[in-house]
Amino acid sequence: MVDPLFAQLSTLAASLALLFGLLLLWRRNLGSYVDAFQSQSVVISLLFCVVGYFGEDPQLYGVALLFVALKVWLMPRYLRKMQQRFAVEREREPYLNVPSSLILAGVAVILAYALMRPVVALSNLPTRGGLPLALGLIFVGLLVILTRKKAFTQVIGFLILENGITVLALLGTYGIPLIVELGVFLDALMGFLVMQIFIYQLHGTFESIDVDQLNQLRH
Amino acid sequence: MTFLFLLLPPLIAALLAGLVRPTRAWVARANALLSLIPLGAALVFAAQAVAGQPAATFGPGELLRADSLSALLLLCVTGVAVLALFLGPNLGPDSHYDAEQLRRYQIFVNLFIGAMLLAVSANNVGVMWVAIEATTLSSALIIPLSLNKASVEASWKYILIGSTGIALAFAGTVLAYFDFVSLVGPIANALNWPVLLGNAHALHPEVIRLAFIFLLVGYGTKAGLAPMHTWLPDAHAEAPAPLSALMSGVLLAVAIYAVLRWKAVVDALLGPAFTNNLLIGLGLLSMVIAAFSLVIQRNYKRMLAYSSIEHTGLICLGLGLGPAGIFAALLLLICHSAAKSMLFLLAGGILQRYQSTSIASVSGLLKAMPWTGGLFATALLALLGLPPFGMFVAELALLKAGFAQDAPWLMAAVLLLLSVAFVSLVRHLNQLLYGPVPAGVAVGESFSWRSALFCLNLGGLTVLGLTLPAPLMILLNQIVGIVTK
Amino acid sequence: MSAVLFPLMLAGYAFGALAGLLGGRGSVGRWLVALGAGLGAGAGLGLGAGVIAGGGALVWSSPDLFGFAGGLQLRLDTLGAAFLVLIGVGAIPAAIYGAGYSEAYEDGRTALRRHPRQGAEASGFMLNLFLLSMSLVAMADNIFTFLFMWEAMSLSSYFLVITESSELGTLQAGQWYLGMAHLGFVCVAAGFMLFAGGDWAASFDSLRAGAAALPAALRSIIFLLALAGFGSKAGIVPLHLWLPMAHPVAPSHVSALMSGVLIKLGLYGLLRVSLDLLGGGPAWWGGLVLGLGAVSAVLGILYALMENDLKRLLAYSSVENMGIILMALGAGLIFHSYGLMALAGLSFVAGLYHTLNHAAFKGLLFLGAGAVLHATHTRNMELLGGLIKRMPWTAFFFLVGAAAISALPPLNGFVSEWLVFQALLGGFQIPSSEMALIMPLAVGMLALTSGLAAACFVKAFGITFLAIPRSVPAEQAHEATPAMRAGMGLLALLCLGLGVLPFAVVPLLGRVLAGIGGLPADPVVLTFNLSLQMPAGFGQMSPSLMAVGLVGLLALIPVVLRMLRVNRRLRLSDTWGCGRTGQTPRMEYTATAFAEPLRRVFTQLYRPTKELTIDFHPESKYFVQSIEYRSQITPWFEKVLYRPLLEGIRFAARMVRRLQSGSLHLYLLYISLTLVLLLIVARWL
Amino acid sequence: MSILLDFAQGVLALALAPGLVGLVRWFKARLQNRRGAAPWQPYFELIKLFGKDGVVSNNASWLFRAAPYVVFGSTLAVAFLIPTIFAPQALGGVGDLLAVVYLLLLGTFCLALAGLDPGTAFGGMGASREMTIAAIAEPTLALAIFGLALEAGSTNLGQIVAQTLGNPALAVTPGHLMAFAALFIVTLAETGRLPVDNPATHLELTMVHEAMILEYSGRYLALIEWAAGLKLLIFFALLSNLFVPWGLAVVLTPVSLLVGVAVFIVKLAFLAGVVALLETRVAKLRLFRVPELLSLSFVLALLSVISSFVLR
């Protein structure tokens, strides 16, 4: 029994999540990155609810709550704080300019579709349409980390990557076992905090959060 | 129950370090002593495995499980942990860190060890992933124990590359789980390794191939497999010596362990050719990069780090060479853990005396620090695969596996690369050992219990080289049996 | 008997090693080390001699050690026994000598040492370990045991080479040595693994049994790997590079052991694999060995001639002698492949005889060079001279060695070279005319080699020991200590003994390879009464009678002269100086000058560089104030073979270094690209 | 009995040696339109030298005094081994052709060392040059021996002689002729004749053999000169009796022995004439052109061996 609404909603949410990811590639202001990330997280938490409702898995509501707390509330809060501290810094010259990175992101999404063909074919889940989009989101996250010079942006890229994986897990399996999920959240939180600490340390020692200047250790 | 003895002591030690303020010397001593308990637990697991008892499990949904493979890794981790904690910065005569740094070190190094222990004793591959991710976080925090540009740079690279890589591994885990859920249906404890392995034949090959790529790239990043290895020389060189020892000695092994677990699952479905080719390819690439990076190397800690990459490559290559190769790889893993951790610990002492990590500015080591120098030289020669140490046997075992698999060209390449590394390392070693002691460096060193501990370690390596003890043989053969089922 | 000797050998070496470890210092410690080594080597000698004389192979095994790879398997057959004897022959005098020589390491007044000693206590330990591992190489009977002992032998000798680590160039030499030894090991290991199909526990028996079933190409590859691997130990050109580096810097008794014994184990390996285990092969195997031997012999001695460093000269001469032995072995392999077993037997006997002889005279020469070094602190011949008056014993012993290595009758070098000549002369019996034509060329090369060797050792002895001292240290040289003289004396006696008693030695050597690798089980008989007699009456000679005759004549001449009432008065006077009085060392012929004619003759090979700087008197250009002449030869194989290799490795290293550029983004790019690439591979390929 | 005869023939060679040197000189003088000293002049020179006091350099060691005896002894030993009047019987098995070569090398070796011992530049120069020439003459010698041995099936001198006697056609094979030519060139080099060395000169830069023995005097010089003469005779004997063995006593009867002596002297005289003729016709080669000459002989010897292979 496939509920077409479920399929549509889930695909829509995944598309929206991907869109916010792409938005990130387009913007240059650190503040707008946080906005994009936050919006994406909101969409994903809604997706949790959708899957929880249609998939009849009440556990997911709890997870969604946790997700909201973490990624919609806590992380953006810290990110904003950080962004205000480093407000002067912008992504001036990314390694790849905006048009090229957008085109590359498009290619990545197409690649994701191609790669996920057997996966989609395998599944009879109503949510399967969103799977390639999730992988696309993962690739976009990678692309952000790869092409942007500010440590701050890289953290956001990493968070988007994580979001992509979350979407993948959610759409593919209706959520992974709770114990793992909890561990993953803990890790995500810890990882975020650790990265945040390092960004401050970076700023403290290098007086900038430009990753570009981290080139003393070589060979 | 034994699992509690395994996992609780590091947590207790971390708590202790966090709670006792101001820091007291006895905390470090207690910590060192506490580290013996997990070692005992690991020995118990190993003994149980050797005795042929079924793997012990623990916790809800058999969260923890210790089969032969886990037992072996537990032994490595706890053994190196004992070395690192006994020879850590708090217990030495030399502590040049302040109290706050020491506390931070104490807390996170224990969490790090705890995470590694959890990773290799977790039954659920998701939990394993969580634990491995935790190792990155806990170790990253103490790499820049003393803040400077280099250590901050190294740790940022470490955490970003490590986290990204490990996130990919999670994507792989999710994909595999998705595959499982789609084809086998939702089973309780589906992510438990024996369940995965048992149902592997029902999985979808194409999906599992994609999943394995993610897993290999992900865990390979942690294992220092080229070309994902780039964080490794930086992090290992900048970390405090005991942490380098733990990272190089066992963290790599833990990551390889994760790959091996997944390889077993994938092989059960696809046959070994797919994973073998990938492992051999990446292993060989790692060896090429590491061997040639060793030729011109000016920093001895980085030198050791590159040698770790080389060994990771060698081990992965071994894993791709069938049962005999897995046997050799495991042996390599053990010997590498023992030798490399010792080398990093000794390198810490050298750094302290000479105040430089540059090979050019360290000379006359045998004069300035006869014990450290002698032990360092011996350990390095052991690492290079010279008799009578275990690595000689391990490398020959690998060779044997390769030739038995009819891969003579591969073996020729391996041998040549090993020789390049061999010559380079001997050259660098001689530069360190001989020559005049630079002005301003104190001369002389007396025998201490620390040196005795190292000698013990070397003794173990020698035993491995002369005769593999029967229990170890049983254990290794059991492991080979498990992962090639 | 063997039940006692084998444990005695192990115990002796263990005792010596322990003595070295616990206190190699002081006279007692040194003698204990020497005692252990001597005892071990002596027991080994007895063991080997017993096996050769008695025939049956001895077997020991210990399944506990190396249990994972078939256990420690030892079997002493006649071939191994011959080399065990060789170890004994080399090691006993070296141990005695070492007890005296090592004294120099203790008071900082050593051989070459200007810095305080360090790590020398390890040398006694390593010496015993070295001898033990060599002995066990000769006895190993399965792959793992052999490889283990082989590498242990390389490692322990490496430590001995770098004993004088604070001297310039020692470490570099050690690195070259260890590197090349390791490369050799790699080849050997690969060869064995191919041979056994990856079974590291395979016993030599099973290899021998399976050899015939291997495809011909594989057999040849195994042979080539063995040749490269063992050849790097044996110092075959172009793999000889480490010899002239490592031998000079090692303590002299170690040089003697390395040159006399260690490099011979390369031959052992080659014989073991190619003849015994593989059971011989096509004729080109032997042709290759013969050709490489000829090249090694000629190039080795030519480079020796140009050397002014006494020990380097000896090292190059070792390359030469290994070449001669290889020529014999190569000829043997050729004959073997054509089924000419009598000639093959003769060739192998000739090779083994020369092996033994080389251990004796080269050991003696190295010990003598060590005594010179010990007394004068220099190896540079241009600074020596006149030592015959200051160190008469050393000079005499060195002269014996020089004469022996120049193949002068009635010493041992002559006998073995004669045998090699006879073996090569038998080449006309080879049915294939191409292969047969190699033989005359080989004869020519061998003759050239021996002529050049004579020239070389005239230079070595003449410049070092004769005429007037060329420097203050040479003037103040002192005679070697009694222990050192004893060591040299033993070897000098051996040189004479092996020279005049070949009819006793040759039959024993004939047994060594009897029944191995398809050779007839009856040992070749090459003796008749007191003389050596070739098969089919091809040649006959009696070194013993010749010695008697020579000694008789030498005794008779003065007697006859006295009977003829010849004027026996002698006057001492200055050397005639074309009217100038007051001869100074600067008027003497130098080592460089001595070799100049040959340098010109072989200028194509040496490609010497010349640099002439003349300072004229400012007033007139007809008055020269000073002339400086520099000339250097460039070993082309270094240039052609090794430099490109090293350059290639460095280039690759520079390329690889670029990967680790420091850019985080690049690193992440690697990961992403790998991921994408592998995903594509996994999805579509 | 035969052993005494063997010794006797060696002693005869010894006795004839100075005469041979004198004969070459006499021929040479005649060819140069000089009267020259009588052929027996060298005997008087030897007697004179044996009567003189010896002078030895302060710098020289015992080796300098021992060398003349070794040189003389080893050369004399060779004389006992080679066929002069007949192929040695009892001593035939003591040394073969190879042993002869190496015994002669022993003398050269000692003499070169003795040249270095007093520490003069001349001695060193002579020793260096002598050893150079000896070294590069060696391969030719060996190959010539190979060629002979190949045809005779033995390196034993008696066997070689017997083989050629039994098979006269052998003497004119190309292999044989080329081996002869090669050996002849080596003879000139080894015995210090023109164009390799000039036995009559004492001009510093051209000396080889003479430079080596420059410090010798008295009985030492006499021994060395005598040995040098004997060496010349040995090479002549080898040239004549190995390649043209006819006239050698096959059976040891007094008549055949007498005939043998006579034929041997004729052969020596012929070769002396050839050498004298050559020495008047050619100039001394520059030292560094000597290898070219010797490489010619080497090629000849190699060709001889190869042609024997081809003809087998």
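Letters A, B, C and D mark the chains in the order given here, with residues in each chain numbered from 1 onward.
Heads up, the rule we're going with is that contacts are C-beta pairs under 8 Å (C-beta built on N, C-alpha and C of every residue); 3 or more make two chains touch, one makes a residue touch a chain.
All values derive from a computational prediction rather than experimental measurement.
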{"item": "Most central chain, Cα average position", "value": "C"}
{"item": "Chain of greatest Cα-centre distance to chain C", "value": "A"}
{"item": "Chain pair whose interface holds the most contacting C-beta pairs", "value": "C-D"}
{"item": "Mean-CA-position distance for chain D and chain B (Å)", "value": "78"}
{"item": "Separation of chain A from chain C, taking each centre as the mean of its C-alpha atoms, in whole Å", "value": "69"}
{"item": "Mean-CA-position distance for chain B and chain A (Å)", "value": "31"}
{"item": "Between chain C and chain B, distance of the C-alpha-averaged centres to the nearest whole Å", "value": "44"}
{"item": "Junction residues of chain A, two or more chains touched", "value": "115, 118, 142, 145, 211, 214, 216-217, 219"}
{"item": "Two or more partner chains touched - positions in chain C", "value": "657, 660, 664, 668, 675, 679, 683"}
{"item": "Where chain B touches two or more other chains, by residue", "value": "156-157, 160, 164, 168, 206, 210, 233, 293, 296"}
{"item": "Contact pairs between chains, per stated definition", "value": "A-B, A-C, B-C, C-D"}
{"item": "Touching residues on chain C, where the partner in the complex is chain A", "value": "657, 660-665, 668-669, 672, 675-676, 679-680, 683"}
{"item": "Residues of chain C touching chain B in the complex", "value": "64-69, 118-119, 144, 147-148, 151-152, 155, 162, 165-166, 171, 174-175, 178-179, 182-183, 186, 189-190, 193-194, 196-200, 649-650, 652-657, 659-660, 664, 666-668, 670-671, 674-675, 678-679, 681-683"}
{"item": "Chain A-touching residues of chain B, taken from the complex the two chains share", "value": "60-61, 63, 124, 126-127, 129-131, 133-134, 136-137, 140-141, 144, 147-150, 152-157, 159-160, 163-164, 167-168, 170-171, 174-175, 177-179, 181-183, 189-191, 204, 206-207, 210, 233-234, 237-238, 293, 296-298, 302"}
{"item": "Residues on chain D engaged by chain C in the complex (per definition of touch)", "value": "50-63, 69-70, 72-74, 76-77, 80, 92-96, 98-99, 102-103, 105-106, 108-109, 112-113, 116-121, 123-125, 127-129, 131-132, 134-143, 146, 149-150, 153-156, 159, 214-215, 218-219, 223, 287-288, 291, 298, 301-302, 305-306, 309, 312"}
{"item": "Residues of chain B touching chain C in the complex", "value": "156-157, 160-161, 164-165, 168, 206, 209-210, 212-214, 216-217, 221, 227-228, 230-231, 233, 274, 278, 288-289, 292-293, 295-296, 324, 366-367, 381, 386-388, 392-393, 396-397, 399-405, 408, 411-412, 415-416, 418-420, 422-423, 426-427, 430, 433-435, 466-468, 473"}
